[in-house]
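Letters A, B, C and D mark the chains as written, and numbering starts fresh at 1 in each.
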Amino acid sequence: MSFQEIFALHPRPTALDPKTVLRCIEECLDCAASCTACADASLSESDSQRLLRVVRLTSDCADVCDATARVVTRQTASDLGVIRATIEACAAACVACAEECERHAAHHEHCRLCAEVCRRCKKACDELLHAIG
Amino acid sequence: MSFQEIFALHPRPTALDPKTVLRCIEECLDCAASCTACADASLSESDSQRLLRVVRLTSDCADVCDATARVVTRQTASDLGVIRATIEACAAACVACAEECERHAAHHEHCRLCAEVCRRCKKACDELLHAIG
Amino acid sequence: MSFQEIFALHPRPTALDPKTVLRCIEECLDCAASCTACADASLSESDSQRLLRVVRLTSDCADVCDATARVVTRQTASDLGVIRATIEACAAACVACAEECERHAAHHEHCRLCAEVCRRCKKACDELLHAIG
Amino acid sequence: MSFQEIFALHPRPTALDPKTVLRCIEECLDCAASCTACADASLSESDSQRLLRVVRLTSDCADVCDATARVVTRQTASDLGVIRATIEACAAACVACAEECERHAAHHEHCRLCAEVCRRCKKACDELLHAIG
C-alpha cells in the first residue's frame, strides 16, 4: 500500500514512533474492511438469526475503526487527548467484536478470521496508547 | 427529520431513555456536518494558515461524530461498553474542537457557531453517558 | 441545525443556489441516519430473513449518502464533475433502497418511512443535478 | 490483510470475478488512506495556500473511496445499478484528484505518490465496471 510512504513524507511529523502509528492505521483499515465483510457474510448465512450480535458489533467496529484510521493518520496540529480517546473507543469495539465472533468461530470461518483481526487491531491500539503515554 | 420516527419503531428497543439517545444522535449529526462545513470555510479564509488547528480538529470531530451517530443509533444487541467508549471519544473530540474554534470566534463567525454546536454535542454526550451509568 | 448557517458563511461560496444545495445536504443527512436506523430495526424483526435486501440496500444507501453530504457541503475549489457523479450515485442508491423498502411497507412502518425519506433524497439530488446542469 | 480471505468465505458470493472485485476494494482502501494522508501533509506545507484544491479533492476522494470500498465489499442481495453508479463516482473522484496532485508532483512527493494511487484506483474501478458490463 502507498499510504505508508505518503504518511512518512509529512513535513511536520508528530513525535510518536512512526512504526507504531502505521501499525495501528494498517490494522484499523484491515479490521474495518474485515468487519464489513463479516457482517455481510453473516447476513447471508442460513443461521443468520443467531448472528445478529455479530452483525451489530462488526458494523460498530467497522465505523469506529474507519474513524480511528483517519484520526491517527493526521499529523497536523495533533491533540493527543482526542487521539487517545479515539483509540480507546477502537480498542473497546475490537474486544467486544472479537469476543462475539469467537463464539461462532467453530461454525463460521469468517467469524474466526474476523476475531483474529480484531485481536490484532486491539493489540496495535494498545501499543500506540502505550507510546502516547 | 424522519430518522427519529424510524428509531422509535425498533421492534426491540434498548432500555435507555429514547429522548436522551435521540438528542445525542441529532447533535452528532449536526456537529459532524457543521465541522465539515467549518473545516472547508476555514480552508478558504485569507488567514487559513492560522486556522490549521481548526481544520485538523474539525476534521477529526466530523469523523468521530459520524461514527458515534451510527453506533448510538443501533439498538440491536447493544454492548454498553462499546457505546460508552465511543461517546467518550466523541465528547473528547467535541471539547478539543470547541476550544480551538473559540480562539477564532471573534474573527470568524463560522468558528463561533461551530464551537457552539460542539459544546451542545458534548453536553448531549455527557447526558447519555450519565443515563448509561 | 447549525450547519446551514455555517455553510452560508463560506468566504468563497460556489455559484450554485444555496437553497438547492442545502436541501440536498439535509436530505442526505436524514436519509443516511434513517437508513442506519431501518437496517438495524430490520435486523431485529422476527422476519428478518425476508429483509436481507433491505438491510443490504439501506447499508449501501447510508454509506453513499454520508459521503455525498460531505462532498456537497464543501465549497472550496469545487469540481462539478466529482460532485455530479457523487450525487448520481446517491440518487441510484436512494431509488434502489426506496423500491425495496416499499415492498415491505405494509408490514413494517420503518420500511415505509425509510422509503419516503429515500424518495425525498432522490428528488433533492435530482434538483441539484438540474441546477449543476 | 485478512479481509480478502473473509470476503472469499461469503456463503452466497456474487457472480463477479472475485479477483477483480478484491483488486477494486484494495485500491479503494489504499486510495482513501493515501488521500487522507496527502490532505493532511498538504495542510502543513509552507505553500499550503497553493494546495487548497489538493486538500479539497483528496478529502472528497477519501470519502467516496471509503463508501465505495464498503458497497463493493458487500455481496448479499447485490444491486448492480447501485454498485455501478458508486464505482463511477469513485472513478470520477480519483481522476480529478490525480490531475490536481500531478500539478504539484514536482514539488511535493506526497502529491506525486497520491496521484499514482488515484490512477491505480481509477484503473481498478474501470476494470470492475467492465466486468459488471
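For this structure, a couple of remarks:
Quick note on the criterion: contacts are C-beta pairs under 8 Å (C-beta built on N, C-alpha and C of every residue); 3 or more make two chains touch, one makes a residue touch a chain.
Only a predicted model underlies this, so the values are computations on that prediction, with no experimental measurement involved.
Homomeric contact chain A/chain D: same residue numbering on both sides for over half of the interface positions.
Ranked by how far their CA centres sit from the centre of chain D, the chains are topped by B. Centre-to-centre spacing of chain A and chain B amounts to 21 Å, using the average Cα coordinate of each chain.
Residues of chain B in contact with at least two other chains: 40, 43-44, 52, 55-56, 59, 66, 70, 74, 76. Against chain D, in their complex, chain B makes its touches with residues 40, 43-44, 48-49, 52, 55-56, 59.
Of all the residues in chain C, the ones that touch chain D in their complex are 52-53, 55-57, 59-60, 63-64, 66-67, 70-71, 74, 76-79, 81-82, 84-86, 88-89, 91-93, 96.
On chain C, the positions that touch chain B within their shared complex are 1-3, 5-7, 9-12, 25, 29-30, 33-34, 36-38, 40-41, 43-46, 62, 66, 69-70, 73-76, 108-110, 113-114, 116-117.
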